[in-house]
Structures are given as C-alpha cells and as structure tokens.
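So that we are looking at the same thing, I have put the structure below in structure tokens.
Just so it is clear, A, B and C label the chains in written order, and each chain counts residues from 1 on its own.
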Amino acid sequence: MSTVDVTGVTAEAGPAPVPDAAPGLREDTPASRRPGAARAWLRLLGSEAGLTFRRPRNLAVLAVLGIIPVLIGVVMRLFAEPIAAEAADGPGNGGAIFAQITGNGLFLTFAALSVLVQLMLPVAVAVVAGDAVAGEAGGGTLRYLLTAPAGRTRLLAAKYGNAVLFCLAAVSVIALSALVTGLALFPIGPITLLSGTTISFAEGLLRIGLVVLYVTAGMAALAAFALALSTLTEVAIGAIAATVVTVIVIQVLGVIPQLAWLQPYLLTQWWNEFDGVLRDPVAAGEMGQGLLVFAAYVVIFGSIAWARFTGKDITS
Amino acid sequence: MTTEAGDHSIVTRGLTKRFRGGQVAVDDLHLSVPRGSVFGFLGPNGSGKTTTIRMLLGLVAPTQGGWDLLGTPMPGGVSAVLPRVGALVEGPAFYPYLSGEANLRRYDAADPAADPRTASRRIGLALDRVGLTAAAGKRYRAYSLGMRQRLAIAAALLGPRELLVLDEPTNGLDPQGTREVRALVKEIAADGTTVFVSSHLLAEVEQMCTHVGVMRTGRLVAEGPIAGLLGGEAVRVRVETPDTAEAAAVLSGLGLAGVRTGAGEAAAELGEQAPERVTAALVAAGVAVRGLAVQRPSLEDVFVGLTGEGFDVDG
Amino acid sequence: MSEQTQQRRARRGRAVRWGVPIAAVAVVAGAVGAGPVIAAVQGDPVLPERTAEQLLADALQATKSGPTPMSGTVLQTASLGVPGLPEVSSGMGGTSPAALLTGSHELKVWYGGDERLRLAMPGRMSETDLIVNGDQAWLWESDSSTATRIKDTGEAAGHASGKGPGHESGHESGHPEALPTAATPQQIAKEVLQRADADTAVGVSSSEKVAGRDAYQLTLAPKDASSLVKEVKLALDGETFVPLRVQVYAKSAAEPAFEVGFTSVSFTPPAPENFTFTPPPGAKVKEQSLDELAKGLGADPQARQEKGGKIAEGMRTVGKGWTAVAVLPFSAQDLKGLAPQGQTGEEAGSPEAQAVTDALLKSATPVSGPWGSGKVVRTKLVSALLTDDGRLLFGAVTPEKLTEVAGR
C-alpha cells in the first residue's frame, strides 16, 4: 500500500487504519477529539470568517449599517430643532432619545442602535446566518466541505461561530460609526442617563461596550434561528426571507395587547431591553433575563439545526 | 461477510438507497474494489452511480446495508478515513468570488487532518499537477469549464491519498483535456493509489481501467477485472467477399466455430487460429477477398450482452 | 456487524438526534414553568398556619409600624373592560395616566425608610422618576429632559395619601402623582384591609409564592350577590407582612380585572444613591407646587376640583360595604368636563377626551323602569347609571342594583 504524494510530504497525515477489533465502538470521529483539534477548528472558523468578510454582498450590508448612523447624525445636525420638538411631542415612543443627540454626541450610538435593532440589523444577520448552510448546499460546495471532511457537527459549530462574529462586527460597525459621527458633529461630555443621573464620558464608553455585547447576544439568538432554517433548505434566499418575515411577524405580535402574555417569550421584545444600560442602577435584572431568553433560543434552535444537519442527505 | 483490511479499498454490503418518494436509486449493491486498481464504475445516466458515490463518502445515508472504506467500517469512520480519500463528486463546485488558489485553501482548511504549515506548498503542487499554476490567482468565476474541472481534480489531490473517487472526471473537457485527465489517472494509479472512476463513457473506462463494475437502474449487473469480462466474448474474423459460400466452407475447413454468412460477408470465431493463416487459406481456395478484419470484443458488446441495451456512447 | 444491527443503529441514531432538541425544549419549558411547578410541588405550607384573624392582626401591626426598607419591581395589569379606551396605543411605555386603566405597566420601587422613596417608570428609551428624600421631591421626565422640583412635599405626601377613595373612585386616576402611591401594594392593601368587615367572606392560605417569596394570601369575597366583585386576593409576605400582591377578580372573568404586585422584591435596604437627585446639566429645571404640577401634566385639577366639589356636595351613598352605590346630581354635559385627559392636556374637551366620552356614551344601554329612564354603562368592576332626570349612580354592583336604587 502506498499513497499518492503530490506534496513531497511523506508523513502519513491521517491516522493509521484502525484494527478491526472493535468496529462497532467506532462511533463518531476521533479526528475531532485529537489534540490540535481546537486549532484545526479555529482554522476552519478563520476560513469561514475570511469567506464572510470577503464576500461583496456582506461588505455591502456592513457598509449600509455603517452609513445609517452618519445619516441620522447629519440630519439631526441640520434640522435638529424641529425634529427635537417633534420627538418630544410623541410621549413614550422613544423619540426623545433623538433630542438628546444634539446635546451629547454619545447618544447617537444609542439612538442609532435603537432604530437599527428593529429591522435592519436582524436583516443583516439573517443574510449571513440564513445563507450559512443553505448557501453552501445551493452552491454545491457543501459536499466538498463534508468530504474534506469538515465533519458535520464541527462545520455547523464553525458556521454558527462565524455568524456570531458577524453579529458582533455588524453591531460594532454601527456603534463605531455612530460614535465617530457623534464626536464629529455634536458636543461631547458627561452623559445624562434616562434616570437623570450623570456619568462621565469614559463610563459612557464603557456602557456603549455593554450595549454592543448585549445586542450582539440578541442577534446571536436570531442567528441560531436563521441557521436552523438554513439547514432546512438549499435555497439561501428562502432561509433569509423566512427569517426576516418571522422577525416582522414577531414584531407585530409584540404590539397586540391581547397577546401580552406572549411577549416575554418573543425575541424581539428583549432586543429593546438594552436601554437598561442607560438607567441608574443598570437594569441588570431585565437584561439578565434577556440574556437567558437569548440563551434559550440558541439552545433550542441550535439543537434543531444540529439534529437536522447531522441527519441530512446532501444531494446537492 | 468480512474482508481483510488492505485487500480492498471499497467494499459494500447490500447498499440500498430508497429516496423519500419511494424511488429506489441503488438496490442491494455488493461492490468490491481491490486496492491499487483503477475501477471503472460504468452505467448510463441515472443508473445510481452518483447516489452510490454519495453514500460511499457519507453524504447520503443508505436505507440499508453497510460499507467499508480503506478497511474501516463506515459511516463511523468518516472523519478518520476521508482525509485519505480525494473526491470529485458530480462536477466542480467552488466559490465564484474567490481565486482558484483561495478556493483550494478553503477546502484544505475544512480538513482537520491537513497541516496548515504545508498548505501553500500542497496547494501549489496540486495546481501544478493539473496545469493551473498560471491561473491560480484568477477568480473562479472567470475559469472555463475545463479549468473548473481541473481545479476540482486539484482539490482531490490536496493531500496524500490512498483512494481517489472521481465522478465523471472528463465531463466538459475538450479532447485534449480528456487525454490529460486519462494520463493523470494512469500516473496516479502508477503510484499505487486506488482510483474509482465513474463514467457513462464506455471507451473512456476501457482505456483507463483495470476493473469494472456495470450499473443498470440501481443494480450492479457485472463486476470484475476488465480482461475477465472481455474474455467471455470471442474474437471474431470477418471476411468481405462476393463468394460468401466458398468463404464459409474455407472457414469451416479451418475448424472455426460459429460460421455465419451475410450479404457480402462471412464471419466466424477466430479461436486459436492466426489471422494470417485464415487469409492464406482463403486466397489459396480462390475466394475473392475484398477485406478481412479481426474483431476484438468491446465493453459495449459485453454490456449489450449483459443487458440487451445500448449505451449512449457519446454521452 | 450485521446489516440489521446497522439498520437498528441508524434508526436509533435518528431518534437520539432529534431527542436533543426535544430535550432542549423540555428543559427550557421546565425552566420557564419551574416557578409554578415548584410552588405546586411544595404545596404544603412552608409558613406556620395562621387564621385570617391572626394574619390580619399581624398585617395591621406591620402596616402600623411602617414598611421596611425594600426595593423591587411592581407589575400592574388592568383589564377593566372600560368601553372606548384605546387598548392598542398603550404599550409598556405608555406613561399617560389614562393608560394605566388598560394593559400592563411596570414600576420600579425603592423604599429606604425615613421618607425616602424612588419610583421609576421605565419606557422604551425613556424613564419617568419620582424621587422623594425627606422634604425634597423631584419629578424627572427623560422624554422632555425636565426636572421638576416639587414644593410642599410634606403636605403633598399627606395630600396624596389623604386623598382617599371617595375622590378617586369615579375615575381611577385623577392626579398623575397620585398614581404611584395608589399603585403600590401597600396603599391598596391598606384600603382593602379596612373594608374587611361583616359583609365579607374571608379565607386564608399559607402556601402562596409571590416574587419568589413565601406568602400568606387573604381572600376577601363579598357576600352580597349584587356585587360585581367576585373576590379580592391579597398576598402578604410571610416574614415582613408587606403586601406583595393585590388581585381583584370580577365575576365575569377568570383572569383578574386588576392586579398589582411585585414580580421581584428584595428587603435589603437600597443604596442611598437612589434617593439623591441633582438635575443633570442641560435639563430644564422647574419648580412647582403639586397643584401646578398636576395642571402642567394635564389634569387641570383646579377646574375639576371646583366642578367635582360642586358635584360632590350633592352626593349621597346608598347602602354600604361592597354594594354601596353613590348617587349624585349629574348630566351628560358634566361628564365631558370631567373626562380623564391625556398627558399633554390641552384645553378640556380635547379630541382625545371627547372620543373617550363619546365612546362611553355610545356603549351605554338605555334602560327604563318605574323610576324613569336613563343609560347604563357597565364595566367588569363598576356600573354607572345616568338618569334622564339628571342623576348619576355608580358602584361596584350590577346594573339591576343601580336601577333598584334609582327607584328608591
């Protein structure tokens, strides 16, 4: 027995054939549990990230997310007075946050996130997470990844890890763009929280960091849902559209008073809870509960994605 | 049934795939591919070749039956065995917005057994081997059909392989490309690697393979060394002549079996006779010989004999 | 290995695989439902048994000595079935007083003892705070970035609590600043306790769980069949006897028509920072007396009080306890002037108020009898009868009882 050696690398890369002694016990994959398996997985994750962040479509999505805070900032700067007056008129709908921007540039970050978290950000996440498996299946590349062999569980984990990275990147792009715009166009200084307490600029930055992490966690929960849908189809756009439609339907369900009992279980309701960071004391209880809800979504839809993907016939 | 690890690269035991619609794609397949062979997996389009290959590689779960790859029972051994198996399944598939080289790097990253430190060298060598070095930096989108096919073969050659599974490797290639692929397969086989080639082209299999298995509507209708299969069919001699009766008499006189006559020709099984002796005897008997041909049996004859069906030779 | 074995393994593999998400759902559902389940499992009283009498005494004792320092989140839910109130517009963020009549509202409470209190009503990206620290009181509204210093706090506090049910019962929420006080369990519970007398069936259980704390629950059910109230449930903390939850059940619905209770509570004294307030830079700072403030918030109490006072002069009550009916001279014109208004509170008779009034009148059913004729409005807990001869009768009783009273 010999091997094709196109490489000049003579060392046997794979493990030696295992003796037939206990074939029945050879369930899943010793390869993924070897030392160095973690490093190999990180290489796969790096490859996923490289693909995601080199893909023109995804870059365009990130660019759009980055431009919107700039637009909000410029509009606020040019037409600040009428908008602020109008915003103050609408009680309880959060419009007042826009009025705050003109007073403190840091508020642009919170205002931009509170606008984008409703739909734009979920759409961006759906584009990447919904595409994750369905896109590879549709393009036929999934069969080559699996015969490489990437390993189904391992590949799915890398796909999800990459989706979470994208969530973080998308939220960070919004936050950074808003921060830079806010600093350039508006005065900076100590920040007044929603509770009327004032904190220093540095602590304001810290709280922006907390918001970024919380919103990322919320988006990661959506990514798990989109990934589960992605394993059900070979048409990426189908998984993406289904995710976006679901988000919209849930948003609608969330405002119907007869369904108030449902609200604590709806993902979208918890995304908005990031404003707890702007209270004094920080509404850790609500946000902690939000994180638990996100974790529940990740566990349920992650396991559905796993059960589906590991048992699926790859016929594309 | 057990097999010695080492004497067969692929063994299937009653492999069956019934899709959800109830359609049986592969039916009770018993296949043995000896190590070091070039195994031609032959059958018309839709005969279950690709489904079989997908099952062998763990992409599709069989409804029934089991199989070993490189002596290891599957599908449990997928992650241990597949790094030593290169595969081209149902045509090339790559990321259009990446270069050829970046595409190979992507698949290499998916293999947990691949050493990232040698990746660049292995990718370079694989590209060189299929003659794509010059186009390595070009986006896959800009590749021609033949270049895409060759890149897919390069992907199958990224690491040291004990088994290559090539599904229709010459699809979409021009005659020059086809010749190159054949040469490459022979070269790889010469290194001792088992090559499992599926094809619907009889001539291609006949020229490359040492062993052959013939599929028809999901069932294996013949399997064995190519020489053995052809050995079942006799070599015939055919004489073109206006004097068919005399010619037939001469052939019978030489002791040839299966003598037949037709319009302007007579034919018989050649057996142990040398063709030149037959020619001499015909001429000596005054038969007007316009032409004489020795017909060696082809796979097509074997296939027609086995199935009573023709083969779409042109694909 | 035989093919059959492999077969079975494949099938088992599939079952095991889908078992994972099923187990995940079960675990999450278990975690969500754990509270009630655990409470049910631990159904046996953890607290020593107490009779209603003992409990009432203990509770009254506890109320007398004043509440202990605490903090927590209060959730108020109302579905009073008042016709014409827009149910959709008021989400969690609604801070208008009328909004409290429908939907659910969250309120955060910090009580530090020594007249130190902070109430916060969070909205989406907004917050309204009331901070009382001794003789200082501030109202902070983040929406308009306004800090209002309230003068005469001492009097105001007395005013707020002294302004009893008589003033309030007509339309639940007159003054906005009275809201928070009326919405804490303590205030409402006190009121309920005072009413517990001979016409009430009192029950007690010692196995309730509210906001994660073991609690006693008093059940007060009116004995008179003509009452619209089925029962009032009052949960008291097992240790401190602080009221944790009040639920009012109407006879017409299984869910409470009104509920206010802690969803989380802690009896560790809250941090002192909660009770200090300095107007942030850039905020509008106002100084107002309580009445001015209320005016600013839209209720126009002056006019209403004048009018209300005039009307109240002629008011008398028929019956007592659960089925007391108030009778006063009144007309549809007066109703328009009194209608609860939105926060912005432009002139009386704003479109919003007009709409509510119209809807109320439209939903009224005409009735007539030997006593005359009029219109009846019925909600889950309260009925009102406006007679054509200019009387208004209302109470937590069936319309039949109202017409009976009208005939007297």
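Basically, a residue touches a chain if its C-beta (ideal position, glycine included) is under 8 Å from a C-beta of that chain, and two chains touch if they have at least 3 such contacts.
The shown structure was predicted, so the numbers you read here are calculated from the model rather than taken from an experiment.
Distance between Cα centroids is largest for the pairing of subunit B with C.
By C-beta pair count, the most extensively touching chains are A-B. At the centre of the protein atoms shown, by the Cα-centroid criterion, sits A. Chain centres here are Cα averages; for subunit A and subunit C they lie 39 Å apart.
Distance between subunit B and subunit C, defined via averaged C-alpha coordinates, is recorded as 81 Å.
Distance between chain centres (mean CA atoms), subunit A to subunit B: 47 Å.
Multi-chain contact residues of subunit C (touching two or more other chains): 1.
Within subunit A, contacts with two or more other chains are made by residues 23, 311. Contact with two or more other chains is made by residues 61, 73 of subunit B.
Listed in rising order, the residues of subunit C touching subunit A in the complex are 1, 5, 13-14, 17-18, 20-21, 23-25, 27-28, 31-32, 73, 87-88, 90-91, 93-96, 102-104, 120, 122-127, 129, 138, 140, 142-145, 147, 264, 271, 273-274, 277-283, 343-344. Those residues of subunit B that touch subunit A in the complex are listed here as 2, 5-6, 35-36, 54, 57-61, 70-73, 76-87, 89-91, 93-95, 97-98, 105-116, 118, 121-122, 125-126, 129, 155, 157, 159-162, 164, 188, 191-193.
Residue ranges on subunit A touching subunit B, taken from their complex, read 1-10, 12-15, 17-20, 23, 26-32, 34, 37, 40-41, 43-44, 46-47, 50-51, 54-56, 139-141, 143-151, 154-155, 311, 313-315. By the touch rule above, subunit A contacts subunit C in their complex via residues 23-24, 88-89, 91-97, 99-100, 103, 110, 114, 189-190, 192, 194-198, 255-257, 260, 265, 272, 275-276, 278-281, 283, 285, 296, 299-300, 302-304, 306-307, 310-311.
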